[in-house]
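Note that the chains are named A, B, C and D in the order they appear, and that numbering of residues resets to 1 at the start of each chain.
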Amino acid sequence: MNTTNIILIPLLPLLSFILLGLGGKRLFGDKAGWIASLAMLISFVLACGVAMNYFGDHSADAYVGKVVFSFPWLPFGNGLKINMGALVDPITSLMLFVVTFISLMVHIFSLAYMKGEERFHIYYAFLGLFTFSMLGLVISSNLFQIYIFWELVGVSSFLLIGFYYQKNAALAAAKKAFIVTRFADLGFLIGILVLSAEANTLDFQQLMINLSSPEYTSAAGEFMGISVLSWGLALVFIGAAGKSAMFPLHIWLPDAMEGPTPVSALIHAATMVVAGVFLVARLYPLYSIAEVGVQSLISSIGAFTAIFAALIACTQTDIKRVLAYSTVSQIGFMMFSLGIMSEDHLGYTASMFHLFTHAIFKALLFLAAGVIIHYVHSNEMQDMGGLAKKMPVTHIVFLLACLAIAGIPPFAGFFSKEEILLNAWNNNRPIFFIALLTSGLTAFYMFRLYFSIFWNKPHHEQGHGKKEGSWFELIPLMILGVGTVLAGFVPFGEYVSADGKPHHAPIDLQFSLGPVGIALLGILLAAWMYFKASSKPEKTAAGFGVFYKAAKHKFYIDEIWLGFTKGVLFNLIGRPAAWFDRNVIDTLVKGAGSATQSAAEGIKGMQSGKVQQYGLYFLFGIIIIVSVFLFTQGGR
Amino acid sequence: MNLLWIVGVPLLTGLAIVLAPARHARMIALGGAILQMALVIGLYFSFTHEREVGNVFPLLFEKQYQWFPSLGFSLHIGVDGISVAMMMLTAFVVVAGVLVSWKMEHMKKEFFFFLTLLAFGAYGFFMSMDLMVLFFFLEVAVIPKYLFISIWGSGNKTYSANKLALMLMGGSALILVGILGLYFSLPPESRTFDMVKLAETGIGFEIQRWVFPLVFVGFGVFTALFPFHTWVPDGHSSAPTAGSMFLAGISMKLGGYGCLRAATYLMPEGAHEYANIIIVLASIAIIYGAFATMMQKDLKYINAYSSISHCGFVLLGIGMLTKTAITGAVFQMVSHGLMTALFFAIIGMVYERTHTRLVAQMGGLLKVMPFIISAMFIAGFCSLGLPGLSGFVAEMTVFVGSWETKDVFHRTATVIGAMSIVVTAVYILRAVGQVAMGPLVASGEGVDDARWYERWSVIILIAGILVMGLAPFWLYELVSPGVEIIVNQFAGK
Amino acid sequence: MNVEPGLFHFLVIGAVLFFIGIYGFLTRRNLITMLMSVELILNSVNINFIAFNKYLWPGTLDGSFFTVFIIAIAAAEAAVAIAIIINLFRSHQSINVEVAEEMKY
Amino acid sequence: MNGSTIVFYLLGLMSIVSAVLSVTSRQIFRSAIYLLFTLIGIAGLYFWMDYQFIAAVQIVVYVGGIAVLIIFSIFLTQQSGEQLPEVPVSRAVAGAIAVMSGLALVLVLMDRYGFSGLSDPGPAPSVAAIGEKMLDINGYALPFEVVSILLLAAMVGCIVIAMRKKSQV
């Protein structure tokens, strides 16, 4: 295991950030993208090396986590300290590969896609910052370290969503993304405090040993009837839910589509949004010993988010928003899979597997959507249609990705989704049925998208002979397309499992019939409605009535949040606080001042300069003093 | 290293400014400020060198000169890690403040003289080990501020200057009463103003009980202790740019340092007695300041109110009385000093170009002044506690330290404090986002980016923020022995 | 109470005159009337001196001398005061004390 | 109650009543005349006490000198017959309260102390004794000279103050 390599993996993107951020335009001009892509390529190669090295080492019975490097970054006085380190274990290796791979694809894709942007170098600088933060997050060996990078990915996401900074929508979306995740991070932070105080350490490995030790579990405290450990984990889960856009904190993700499309592919589809899943997976050993309530919290929120987002996705018309809701839904799958704990920990492997395959095909979908959007200059579905012939490469890879996400064998999504469903079937039937329904919906909305874009009505408006896209765009699409086809065949369970031991995931063909069947049903329905332009969609929508309208308006969650922030935070707390400060406290202060002043005004008259008045005071004074002496001690 | 150099250089600089022609004032001030910075950095290195060679004596470079022997006080100076950290903060802010005021035209000789005088007061304050001398330097650092605001200020400056001066003087009065009360409550043979001696001999609980609140509240006024914080918004918003930087960057730290050194260190039992009240007030200040900030429309008011919130962390840390929390309080002082000075410097630059400080009248300025606005983003991110910048380190240390005490009260206070990070994010992003992003407003057309002196001013402060944010361990190593001495006072009792 | 006039009676007269003088001094705004009040005060003091001299130390002369000196000084004082009053009247056309307030502020 | 006692009370009453009138009258000229009566009454009291020399000085200096001086200055500064402004009630009341309480206090004090002089004082000093003592080097010679100088100074001062300055013409 080469320590330097592991440190270099995140540092190269950081270097590219610093170089491009400080002197980008002057030093490199239009070559900025190449510099960043080169750094990313080296990172990717190193990451592959690390992963192969790690998984290639079969000497031990199981894959164990190794802290390959660690130094105290910030000690606290009480024995706790933030160590900056690198923990290499199966999911780290996996994530290193995924992040560097997707990031590399996005870097290459952007060379063409973002060409001619005024802030081209800044874009690459931010991509570098994001990639650095995300890589730092996945190699974290310390709970606080993960929080640090967690915040950094949040801020790079803010910067990238707001990349088109002159658009008000971008500003609003960037703020919303940051603030909503920040709100969730509050839970994470308090969770960290709880866990660290319980375990007296922040390092993951020691944390898990300490908190699962019998000495601790026997002496663990309670708060409001729930063990402190469960509190801590539930709070950490809030953070994870925020970053991974779980209901009801999902509202930021669809808006985040205001950012450049490659950014959506990288951050809001493949990597950052799964950080929550990664975090829960990182703490999986603790969640598995926590109270059942915490586990079912995770699984029920995940499952609800999955179906909820899928329903919304069926009604959206902006293709990036459809994809965004689809992302939310798929992350819901990963999340509930983690939450359904069982003896064999199949959910863990399945979730990670799905994370892996989803990253590839969702990045593909977004990048393809980017190509399409550039081609038709619109995000709206009704401006598209009949593009199949104009954009053959995009068409094929898009189809592959849609099949993958719908769970049609032998594409990537099939295998991972199958494991998730199997785990749910074995351990939690209600969630299984929800997930099954969601699978059908997924197939439906993805093919709705596919048919609307590529078939439906003939494309005639513009761009005869227009190029589909530059090779810099198409090559990453093809690579990802290949990945979509092949990723499912990775014997994933061999490498990634909760306990590090190889895990043979059974593919039960009989069991698969149901999910695949329902997915096919969804596809057929979509084909029936959208293959040819017709009025069927409108009629169906009308048939659903209020329900359709609610889904179209995202079930009004945004409005509820807006009402909460505007109504409660601003009007109920902020405004009174500001008012109170200016009018009550300041009045008290001013009152002290003006009381002094008026007292002075009052006694100013005594200093009239009139001798007679002074004489009067003098006389009174004498009288009073003499009387005091006379009647207090005058008795003698 | 003789500490007197560090107070001597600003004094000599001030003298030179007075004597030299006005057109050289800024050059002399800058030279003096840079010399001070060099001295302070040199002090840091010789300090760490002494520590490395095993000098474990709590105070280094200690010196004691007779001053007023008949009144029982002497010029007793010495530094520990906390002082060195605070002095470095001062040095950074002073250089940045001089640079920002480079184009000051109105009464520039006086302006730079007072700037230097403030530095003199602050350095002296951070190294004095005698209560009376401490008080003397505190006053030296306060009075020029009144002049800053009333001469070079803007807006409702007379009102603000009066308010600031009166409230700070009120605080000083409490401190003086406390100090004198302490002195005369002691038995005659052990009467002294020397803090080291006082800490050694200890002060009776009955005395601590009534002196502690006086001294703590007195210094608390300086560091915006709720409800004595209302000078902060008015004072900061009326002061000239460099004045706001000093006010928020250094003066508010005088209060925090004083609370730590003169109140908590000398009177540990008093601190225990009142810790819960301090925590309650600090928590209120944190969350209430944050919410009040959310509704402000003027950039300077936003930063001033957020200073109330951030200084709440200093007091929260002190109130928690654990080593980590107090370390966090010191971190927060340094961090907030740098960050808020940077913020005010930038607000001044933006104002100079757009002639407005109202957030609603700005927008899209990133396009025309990328350097300034990028720095503003950094200041904003530091304020909302982004890792890699100093604010994060400070806040997290306070939180971890606060969480240590395992009861519901302390933990509730911590959670309330932590809640402010969300509110902070809201107001910072609202303000900075509005200023930087969106369509460019008309007032931003054709303005230029930062000039060389502004660039350097910003770079110096950002360098401080980054060094602290990226490598907090060295600051920890510097500060923690000093904090340990304070905490041992509790343990010893 | 003894109706036979004695020391006490003179002292009472002196005190009453003294306070009448004070009253005049405090309430009048005219400089001449104020001067007259001052004369009353001085006279009441003289009465006391003489009465003490007569009833307490009959063999001595000190009370008388004080009285003489007081009268002499009162004369001087009156002369100076009237000179000032006349001068004031010339410059202000009034001898009301409240008119002369240039040095008040 | 013999004649001497009646005379005493009459003299005392005259002094006090005219003193009161003197400080309250709104006619400044009358005020001066009442003052004159008070001074004469006091001189009478000195006679009653057998202090003829003091009484004589009182009449010569006060009645003959100061009172006349005051009357002259009234003529110089005031059209006679003009009424003085009325004293505001608040000022009168404040003054009265102060004076009354002061008087009460003094009377209480005197009552406590219980001044009781000799019931039969000896003979009053003769004018000759006064003259001798006045010029005795061990007596009052120095004060006498000092007072002389004071009077001289006052005289010079009066002239200087009251003299018309050239610029004022």
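What we mean here is this: a contact is a pair of C-beta atoms (placed from the backbone, for glycine too) under 8 Å apart; a residue touches a chain by one contact, two chains touch by 3 or more.
As the structure is a computational prediction, the values presented were derived from the model and not from experiment.
S.K.: Any idea whether C-D or A-C has more C-beta pairs in contact?
M.R.: C-D is joined by more C-beta pairs in contact.
S.K.: Quick check for you: compute each chain's CA centroid and the global CA centroid, then name the chain with the smallest gap between them.
M.R.: B
S.K.: How many angstrom between the C-alpha centroids of chain C and chain B?
M.R.: A distance of 67 Å separates the two centres.
S.K.: Averaged over CA atoms, how far is the centre of chain C from the centre of chain D? Could you give it in whole Å?
M.R.: Computed value for the inter-centroid distance: 6 Å.
S.K.: Using mean CA coordinates as chain centres, what's the chain B-chain D distance in Å?
M.R.: Roughly 72 Å, centre to centre.
S.K.: Report, in whole Å, the distance between the mean C-alpha point of chain A and the mean C-alpha point of chain C.
M.R.: Their C-alpha centroids are separated by 98 Å.
S.K.: Quick check on chain A: which residues sit in contact with 2+ other chains?
M.R.: Chain A, residues with two or more chain partners: 616, 619.
S.K.: Mind pulling the chain D residues that touch 2 or more other chains?
M.R.: Within chain D, the residues that touch at least two other chains are 94-95, 98-99, 102.
S.K.: Name the residues of chain B that each touch 2 or more other chains.
M.R.: none
S.K.: I'd like to see which chains touch which, written out pair by pair.
M.R.: A-B, A-C, A-D, C-D
S.K.: Can you tell me which positions in chain D touch chain A when the two form their complex?
M.R.: 94-95, 98-99, 101-102, 105, 108-109, 112
S.K.: Going by the contact rule set out above, which residues of chain B touch chain A in the complex?
M.R.: Checking each residue of chain B against chain A gives 162-163, 166-167, 227-231, 233, 288, 291-292, 294-296, 305, 322-324, 327, 364, 366-367, 381, 384-388, 392-393, 396-397, 399-401, 403-404, 406, 414-415, 418-419, 421-423, 425-426, 429-430, 433-434, 436-440, 471-473, 476, 480, 483-484, 487.
S.K.: Once bound in the complex, which stretches of chain A touch chain C?
M.R.: 608-612, 615-616, 619
S.K.: Under the touch definition given earlier, write down the residues of chain A that touch chain B in their complex.
M.R.: Residues 72-78, 80, 82, 144, 147-149, 151-152, 155, 158, 162, 165-168, 170-171, 174-175, 178-179, 182-183, 185-186, 189-190, 193-194, 196-197, 565, 569-570, 573-575, 577-578, 580-581, 585-586, 588-590, 593 of chain A touch chain B in their complex.
S.K.: Quick one: which bits of chain C touch chain A in the complex? Just the residue numbers, please.
M.R.: 22, 25-27, 29, 34, 97-98, 101, 103-105
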